[in-house]
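Note that the chains are named A, B, C, D, E and F in the order they appear, and that numbering of residues resets to 1 at the start of each chain.
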Amino acid sequence: MSFLELASQNLVSPMVLFFALGLTAALARSDLSIPEAVAKTIALYLMMAIGFKGGVEVAKSGITALMLLVMLAGVLLSFIIPVIGFFALRAVSRLSAIDAAAIAAHYGSISIVTFVAATEAVRGLGLPFEGFLVAVAAVMETPAILSALLLARRAQPPGQVQGEGESAGALIREVGLNASVVMLVGSFLIGWATGPKGLAMIAPFIVDPFRGVLCLFLLDMGLVAGRGMREGARHLAPPVLAFGILMPLFSAAVAALLILPLGLSVGGAAVFITLAASASYIAVPAAMRLALPEAKPAIYLTLSLGVTFPFNLALGIPLYLALAQRVGL
Amino acid sequence: MVQTHLKKRIEIILEAPALHRLTDRLNQAGVTGYTIVPVLAGRGQDGTWSAEGLAGDAGRLVMVISIVDAAKADDVLDRVYTLLARQIGIVTVSDVQVIRADHF
Amino acid sequence: MSFLELASQNLVSPMVLFFALGLTAALARSDLSIPEAVAKTIALYLMMAIGFKGGVEVAKSGITALMLLVMLAGVLLSFIIPVIGFFALRAVSRLSAIDAAAIAAHYGSISIVTFVAATEAVRGLGLPFEGFLVAVAAVMETPAILSALLLARRAQPPGQVQGEGESAGALIREVGLNASVVMLVGSFLIGWATGPKGLAMIAPFIVDPFRGVLCLFLLDMGLVAGRGMREGARHLAPPVLAFGILMPLFSAAVAALLILPLGLSVGGAAVFITLAASASYIAVPAAMRLALPEAKPAIYLTLSLGVTFPFNLALGIPLYLALAQRVGL
Amino acid sequence: MSFLELASQNLVSPMVLFFALGLTAALARSDLSIPEAVAKTIALYLMMAIGFKGGVEVAKSGITALMLLVMLAGVLLSFIIPVIGFFALRAVSRLSAIDAAAIAAHYGSISIVTFVAATEAVRGLGLPFEGFLVAVAAVMETPAILSALLLARRAQPPGQVQGEGESAGALIREVGLNASVVMLVGSFLIGWATGPKGLAMIAPFIVDPFRGVLCLFLLDMGLVAGRGMREGARHLAPPVLAFGILMPLFSAAVAALLILPLGLSVGGAAVFITLAASASYIAVPAAMRLALPEAKPAIYLTLSLGVTFPFNLALGIPLYLALAQRVGL
Amino acid sequence: MVQTHLKKRIEIILEAPALHRLTDRLNQAGVTGYTIVPVLAGRGQDGTWSAEGLAGDAGRLVMVISIVDAAKADDVLDRVYTLLARQIGIVTVSDVQVIRADHF
Amino acid sequence: MVQTHLKKRIEIILEAPALHRLTDRLNQAGVTGYTIVPVLAGRGQDGTWSAEGLAGDAGRLVMVISIVDAAKADDVLDRVYTLLARQIGIVTVSDVQVIRADHF
């Protein structure tokens, strides 16, 4: 399928349209909103569902060399993308080193909802994809944070960053134990342990209604993104805005090159490329408030959630699919 | 008449990701307790915030109230203040009367 | 089927019984309650589900003259019912003009849960109904508010009402963008755009568990209504109480006459009549707190939720069904 | 099946593993948590689902002598177990009479989630069980509280207990109207009234996703139990800890003897024995805060939720199943 | 200048199961009103509490605020104090100004 | 000793539908910020309210806290008062100390 066909099909999916509804409602200042308790729970539900399903796939296929290689590729990307992003931002914008490092961390890490949207698009084309990619997503969450910390420290007079006296180790531990990582990895392991028999037991909860719940969550993300855009737009200079769209494209290209020799399926390649191209909006922002509190959240949150996420959801994913048709098996 | 004792009520509004850092500092300062109240939304110099729809901690605020002995208040404030110098939030102090002095 | 058969079948449906459970629990001062965050979310879920399904129906049938005519009839009723209600209340009770206008607004607008209960009853009889009635419900939500404002202004010394300096336009805009309207209309449009293919994707979320979720929401409404009755009963004089039951019957009759020439199906007629007979309990109360803050919420909330809603749910709907068998095709 | 087979099968069910995930996450100080509003709602959902399903079973089978006898046996056990538990605790530990009475009340009452876990295990073996056991669970909730109050009063100088001036009757009324009892009994009655036809309407909500929702709730219970263990472990002396495991075994044995002559099915016997062996962690703790506020919640909550519940979930239920194979029909 | 009147602000943090007992006592003391605010978590002499994940009332706290006339404050405090002697919780009192004296 | 500055803490309990009107007025009065706290339930002259189970805004309350400069307090109170003359709610003012005077 051509990119245009993929894109137009993607744009009329209920998922994308519910995101657009949320965005529109927030920009029009509607009071529509999802309570925090429910948004938090839906996010956990999504982790549980995709973790479990991924684990069941691995239970079926076993641990393979491909799986380990792709995980390694993922960790590498998560370390490297922030470095590239950091120097790119410093070169084109007037952002401080701290702000640039904080933004870069988001792009090295991943967004689970973008991941899910890619798997749905892949499924919609009838393509299979490797179940272990959930584990790849999990290992890509945190290395980017370490990368960004090192960048920020290098740029800062010693003693100023991490003045809190918290070691980077303590921070990484905290991030590694954050709710979404634990839920994703834990459900993955449980899915692995219980296999298809376990899945059969809870499929009516985690499989059947999954897409509908995803629509509700995308509506919520649209609302939050729209509100963020209204508040945060003035914090985004044009070069930073451009970064929010060009960086995912660049990461996608790097990811495509990196997995070219590994032999992922087309669906798997599309999902992996999407992971690389996606930017975190839950785990990394919270980590940045602790690790680099001087970095302005209005910039990185707005960029990740208000620019990159909608771009990936609407145009990025079809593009990565088209790209994957070239690099996947 | 009920016999009351003067204490300080410290009220801190702070971004949620830094909550543990705050409670650690309160514990270090030897406060006898604190209470955490949810916050829906707010506005400050950095603009408007709202917890609605948020799946993560970043961008959310919480309120922490601690009743402390006047003798300890300065130390507590000192520690809270150095935290707030880097994190988003505010702190206020006021006089309150309590009944059981030994509890605080 | 006769009214008695319809009514007795209706009264033993899980929906009505869960409402009765909530009512009983609240009157017995049980601490059973649904958290606010969850109640809000279930309400949004119901809007999403019925909006989407309605949109899919319209995608199948296209825009028809019948649809436009019924929408017009709905808007008309929403404008006119408050006027009739207002003068009726002023004639029989000692309510102030402001209180009478505020109450009247509720009866011109609609209750989505009553709408849903009617569609379930219609489905239970194996009758079809027109999908565009969701759109009719949406357009009937707000005109009543405008009507009531004009009535209140006419009755008040100038400058006293709307002293807030907010124009009626701003208010209508605010009400038009309120969460439930946006969710209903937005989901309707998405359902329309994605059609049966979109529905197939999210049906396990918005179709299959729908009735069960509705039971939970009706339990919640029973709890809120029961609590309201305990608190608010003393605010309701006998003529006002009578209004809460006679006004829906009157509106139903007017609605039946109005659509007689249009040629709705029996199921559609029953649903339309129910819309006319139903009274708002979410959107209009909030609007009244802004537009007519002097009106006493204890009166209009108790009347709408504690008197008219239970009446419609238990006896009104079977009655409107019986009536529709006379006016529908 | 042997106990070992039953236990090993039980230990790799998604339910038990999600509980273990929660426990581990809490002990590792992860910030994973389920919002209070959602935890409360899931608990209500579980009550609704099992109440309704139990009621439908009774609608099918009618009221039988067996049902009445087992209910009677349940009430008896709920009264007697606290007495035995109280004297056992006083004999082996240094707990005050008040603390001992409060703990004992928990073991006389029941835990609905343990009940549900037992029914799932029974179903997993393809065994049927009597639907009226839901009603038995409901009647076993409160008598234990009365028992414990009498024990505490006997041991206290008069005037000190219930100093609040609240009569035991008022307290029992309050407990009888607490949210979980009302939801369980109300749904049971509605299930009974609407029968299989009603169930067919809402099965996609209360039957199909049930196990998945249960997994989420067990995750939550694991989190709360783990947090409680971290905070409360120091309050539990070894004899009290031992009580948390030996008392359920003792109660199970007594329950097995009591129903031996009644002729329950094997599945039903396993469920009944589990009820007797389970300890309350929602209704009784709240009641104890009112009835015996001097009793330390850190002790009874930690013991019930952090010791007895995990024991029953992991090892108790397979044991009670093995036992039931000896006493059931 | 706005004309204000001095009142007492009584703030009570209390375990949730005993909430009805507290509001009953406030009503008996003739307060004109009170407001109940949710509490997320806290620490006191009995250790750390959190409402997260709780399906029941035990182990949860709530905060109750009541603005009372100074003349009534002692009576209110007395009643609250005897309740808090047995239930988990604390109470503080502070001075506040209100605009409509007749409302309180 | 920490250097503190005297400010006014304005605490408003208000029906939720009118929240935007209140924050508009606070903004017009030039306050530097405010914080919105959820309210579970309450009792006043109009009887008992509870947010539990409510799907809409009517019948719910919120609490808004704003720390303002004493010089601005009267203007803020004036504007809040005219709003509260028509909407359900109350307002109280108290003295608090803050650390960073420039923040308020």
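Heads up, the rule we're going with is that contacts are C-beta pairs under 8 Å (C-beta built on N, C-alpha and C of every residue); 3 or more make two chains touch, one makes a residue touch a chain.
These figures come from a predicted structure and were not determined experimentally.
Q: Which chains does subunit A share as contact partners with subunit C?
A: The shared contacts of subunit A and subunit C, listed by label, come to D.
Q: List the interface residue numbers of subunit B and of subunit F, divide the shared ones by all numbers used, and answer same when the ratio is over half, different when under half.
A: different
Q: Which chain maximises the distance between its CA centroid and that of subunit D?
A: Most remote chain from subunit D, centroid-wise, comes out as F.
Q: Which chain's C-alpha centroid is most distant from that of subunit C?
A: B
Q: So the centre of each chain is just the mean of its C-alpha atoms; given that, what is the distance between subunit C and subunit D in Å?
A: Distance between chain centres: 41 Å.
Q: Between subunit E and subunit F, what's the gap in Å when you average each chain's C-alpha atoms?
A: 18
Q: Using mean C-alpha positions as chain centres, tell me how far subunit A is from subunit E in Å, no decimals.
A: Chain centres of subunit A and subunit E, defined by C-alpha means, are spaced 45 Å apart.
Q: Counting only residues that touch at least 2 other chains, which ones in subunit A make the list?
A: 31, 33-38, 40, 208-209
Q: By residue number and range, which residues of subunit E touch two or more other chains?
A: Touching at least two other chains: 37-38, 57, 94-95.
Q: Which of line, ring, star, complete and other names the graph you get from chains that touch?
A: other
Q: Go ahead and list every pair of chains that touch.
A: A-B, A-C, A-D, B-E, B-F, C-D, C-F, D-E, E-F
Q: In the complex of these two chains, what residues of subunit C are touching subunit D?
A: Contact set of subunit C toward subunit D: 12-14, 17-18, 21, 24-25, 28-38, 208-213, 215-216.
Q: What residues on subunit C touch subunit F, complex-wise?
A: 33-36, 39-40, 42-43, 163-164, 180, 217, 220-221, 223-224, 227, 231-232, 281-283, 285-290, 293-294, 297-298, 301
Q: Which residues of subunit B touch subunit F in their complex?
A: Going by the criterion above, the answer is residues 11, 13, 37-45, 61, 63, 74, 77-78, 81, 84, 90-95.
Q: Which residues of subunit C touch subunit A in their complex?
A: Touch list, subunit C to subunit A: 35-38, 40-41, 44-45, 48, 52, 177-179, 182-183, 186-187, 189-190, 193-194, 198, 201-206, 208-209.
Q: If you look only at subunit E, which of its residues touch subunit D in the complex?
A: Residues in contact with subunit D: 15, 17-18, 21, 46-48, 50-60, 86-88.
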